[in-house]
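Below: a set of structures, written as structure tokens.
Both complexes shown next keep chain A, but they swap its partner, so chain B is in the first and chain C is in the second.
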Partner chain A sequence: MTAAHTARQWHGYAFVGPFLLVYAAILVAPLLLGIWISLHRADLFGRREWIGLGNYAEALADPVLHQSIVNTLVLTLLIVPPLTLIALLLALALNRATRLAAVLRGVFFSSLVLSVTIVTLIWRFILTPDAGLIAEALEAAGRAPIPFLSDPDLVIPAIAVTTLWWSLGFPIMLFLAGLQQVPGDIYEAAALDRASRWTTFRRITLPSIRRTLLLVVMLQTAAQLQIFGQAQLLTGGGPGGASRTMVLYIFEVSFGRWELGYATAIAELLFGMILVVTLLQYWLVTRREEER
Partner chain B sequence: MSAAPSSRPLSPLVTGLLLVGAFIMLAPMLWTLLLSFKSNAALMADSGAAFAPPYTLENYRAIFAGSLTTRWLLNSLIVSTGATLGVLVLSSLAGYGFARLEFPFRRTLFVIVLLGLAVPEQAVILPRHQLFAMAGLHNSYPGLILPSLTGSFGVFFMTQYFRAIPRDLDEAALLDGASRFTLFWKVLLPLTIPAQATLGVFTFLASWNDYWWPLISATTSDYFTLTVGLASAQMNYAQTSGLGFLMAQAVFASIPILIVYIAFQKQIVRAMAGTAVR
Partner chain C sequence: MSGLELVDVRKSYGSTPVLDGVSLSVGPREFIAFLGPSGSGKSTLLRLIAGLEVPDSGAISLDGRRIEHLPPGERGVAMVFQHYALYPHMTVRENLAFGLHNAGTARDEIAARIDQAAAVLEIDALLERKPGQLSGGQRQRVAIGRAIVKQPRLFLLDEPLSNLDAALRNRTRVELAQLRRRVEAGVIMVTHDQAEAMTLADRIVVINERRIQQVGAPLEVYARPANAFVAGFVGSPAIALLPATVTGSGVHAQVRLAGGAEVQTRVPCAVLPPEREVRLGLRPENVRVVAPGSGTCDAETILVERLGDRTLIYAQLAGGEELTAIDEGTSALRIGDRVGLAIDGGSAHIFGGDGTGYHAEHPA
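This part shows the complex of A and B:
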């Protein structure tokens, strides 16, 4: 092998090197450092004392953490299935070349450009019993206002509805993209066979967009397990911790109590949860595909 | 194509449901818009006042008259533009490298980059905060921009795009005596402009709306982005005393991103069709 040849081989790094450097320094390094920190009693200011799995033992016995895990799972379950279903139905309805459909697509996409701060700002004043939009409507109908954000039973559904409103656009886009890949002549054949709409949907459309469906569910699950801004800004986790999510708890433990080690351990647990759940979803769907 | 569902007209029932849905989507935004044109005093007295005149521009005037909102807007623009340019440059270079060049450990490195897709922000954000503190990067533009540049998605996306370009083009250019870099810069890169637009818009959107990282990295109000600034404003106000002003800030903060979105909407949707499905 000549020197010139070797040089040419390595020059690929001129192209991939810059990204790899950033990736190593700002993603890989903190990922590994995080595991290391989680094994310490550590504060925000760099003091560290090795305690092995002490933080994880604390997590097992921490009722506040347990409630935040339950809250997070309930929120995820309240958000992901309806979001997926509504987005799919909207995509099916809006997947046509009419002017009305184009306008409505724009309307349903629109909330996705808003930041969580603005979404919660708007929804706080919709939900507040003190002259909020819903309270005004109830008042006009002669009903008492409902304190959505201070009732421990209503706060989680209220955050779920806010999130649904905010998150619809992206899944609709993905489904529309998926639907456009289904070849039109399959539908023609189905129509010739006088297949009903439901049969057409179940036998043709659904199998064709299986991958998109999986992608939407996996992305949304991973996103909602990390739900944070809505809870922090709308309720601060209240009332009485009824809407404290895992990431909100991580935020409180690290930046409120300065217990970086414990907060990092919780973050690692959340990381594990996300990996397990999304891999399980992937495995369930692809296993069925292999069975066919 | 006559049987494809996309050409069937909507039934009246479905149309009705869609219009109700559209109303639910739009009503909160229109209400916000109305509130932003009402004086704070009028809203204090009666928030139902939003639905009737008089309307005023006083809240928007207040934004420009010495509030920090314009500074936060500038910060958001700098951070989002920086993140977008950074992601486009790094992803294009790396995408070309992984798609076209042979070098030691290429496959291994590509797999390591792809594994990054499975790493949620939560797994890195706290230790990253520690590292940035050590490097003195908090409350600075690089500190706000750098975390956006680690996304594996951009590299994956650009690699796929470069792979789809026929190799005949490379060979023709190299026979003409072009260097690897000229080939990349003059021949292939111009062909990836649709991909650049899509990746750019999504990066800009994500960076503009990012909340967790700027919340903990920017602690002085001079370096707040709009999301964090508005969150702090939201916390500082008593429930309704500055409602009109808050809503005007919300509208003001959404205008730039709406412009970007509307300008690129076609490109976004088209590119999603090509990539998201596989």
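This part shows the complex of A and C:
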């Protein structure tokens, strides 16, 4: 019996084994290797010189890094709350079986399939002060064009709007999936219980999709903390570092300055940030759930 | 006029009609069962009364007030849904309080009504739990409780017993019967189970093919079915409907079955339509098993159902028609045996070509 039992146990491992191997090879190993490299002065050509926490000490004192962290956090705060809210409102509006809703669902989802290159190209046409869409409109109204991408105060909001436009499709899909999980008869019960539209939304819909809400906020936060392509392609981090994000800085340090060790240390800091923020969100939501 | 009044209510989904001109009066404290097969329109009718659907035309009034254009919450009705439709993220207490709270009922009043309903339904211990932590039977009670606390003028129950196992179903049936004595309101229950309808309802509304087929007390619907559909749907095992020809010309109709056997009914010839080709309706209790050759006709046994106190014999006549007969509980008949059938024509029904039922003058 024990032999058969042991054999059966091994069968189990055989099933999860291939996944574990790939997971270890492409996720766990690079993570550990990254931590290891971040403790060295290293470049892309194989130089490794142990400096302990030296790279982290440098990070603490690096004003460029500090600004990129602030930029990244501001961008995340400018993107995630409005993105979640707008996606939820659009999903509520599109959660019906009419032909128009089906067409609009496709329209909102379509921006998601565009690559970041195309998206930034489109928004450059809109934002650029010489003959951009907004500039033309302002000119027609007799106003001066606004240099969105070269004004240090406007460049972050401009990147945020671009990202909002690009990223709406996926959260809408998640919310629609969540909304369609809610059984229709509890809405009918609510109608018989004299619930107003607002009460129905607040007491029925919102609690029913709180898991989806958490998922959207967590995924978007993790994604926006890693924002890179839009900043790189729209502004290259400028003007004067006003739109340099953390990942953009990591890219510059590793492939511009060849300081692989320092770049990896910043990447580990970013990893820690994302981990903390995500776990915090999860804890905040599930803790309230247990109280209820 | 108090109670519920439906006048010529029509409803269709797109080009598919689901209800064709339904009219019905329900007394203020009456227990009514809508009985019909799936797709007959009975659930749609209930949803029209609840306000979850809007009729294309016709009038619905409750206690003299037109309600067909009022939103569901303002009609004075409460509904128990087939799948209960409890709010999964709220506790039982919050589920019960939700409707009262929305209606602006005072806090003490809400608490008092919940306590009272919880005591009656024996769910006091469950008030702080969520629906996911309850068994099917407990959820059913909570759903009923949510309707009771609203103190409606009319309860609407959509297949209330269909999700329960057999033992629980019988218990809940008894509880529903007790419930209606405690509440000052009418009850309308949708069901496709004729036993539920027969045991609970004051009157049964048989619905089929988008129309009301018959409205009547349970025994009346059983004894004097308005048409062949009602006769076939109410009663188990089902009534046998045998092709027959009207032969006699006396006061009461005499018919000849396809195999040649003559049956003398007590249906007055005067009420029958002029056509001669009819169907003879025979319930199992109208047919007794006797020795071959000594009854109205002979038949072959095709199925034997032993119920203990009696035995149901499913028999096939020479012409291929099937009917059900009753034999003693100790019957030794087996499949394939030849039997004689003594048909008691005195309680037989006759159904005309259009399905209309004609019944014995004095039901035996």
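Just so we're on the same page, the second predicted complex is superposed on the first by the 270 of 292 C-alpha atoms of A that agree within 3 Å, B and C clash if a C-alpha of one lies under 4 Å from a C-alpha of the other, contacts with A are read in each partner's own complex, and residues count from 1 in each chain.
Basically, contacts are C-beta pairs under 8 Å (C-beta built on N, C-alpha and C of every residue); 3 or more make two chains touch, one makes a residue touch a chain.
Predicted, not measured: the structure shown is a model, and the values here were computed from it.
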Chain C versus chain B on the shared chain A, clash or fit after superposition: fit
First, second, both or neither for A:Asp193, with chain B first and chain C second: second
Which partner, chain B or chain C, touches more chain A residues: B
Touched partner set for A:Thr286, first chain B, second chain C, both or neither: neither
Touching partner for A:Phe108 - first (chain B), second (chain C), both, neither: first
First, second, both or neither for A:Pro207, with chain B first and chain C second: second
Minimum Cα separation, chain C to chain B, after superposition on A (Å): 5
Where chain A meets both chain C and chain B, residue numbers: 188, 190-192
Chain A contact footprint on chain C (complex, rising order): 50-52, 71-74, 77-79, 81-83, 85-90, 98-99, 102-103, 146
Contacting residues of chain A [partner chain C, same complex]: 183, 185-186, 188-196, 199, 203-204, 207-208, 210, 292
Chain A partner contacts - residues on chain B that touch it in the complex: 1-10, 14-15, 18, 21-22, 24-29, 31-32, 35, 46-48, 89-91, 93-94, 96-98, 101-104, 106, 109, 112-113, 116, 118-128, 130-131, 134, 146-147, 149-150, 152, 155, 180, 184, 205, 208-209, 211-212, 216, 226-228, 230-231, 234, 239-240, 243, 246-247, 250, 253-254, 257-258, 261, 265, 268-269, 272-274, 276-278
Chain B contact footprint on chain A (complex, rising order): 9-16, 18-20, 22-23, 25-31, 33-34, 37, 44, 46, 90, 92-98, 100-101, 104, 106-118, 120-126, 128, 130-133, 136, 165, 168, 173-174, 176-181, 184, 187-188, 190-192, 197, 200, 205, 211-212, 215, 222, 225-226, 228-229, 233, 247, 250-251, 254-255, 260, 263-264, 267-268, 270-271, 274-275, 278
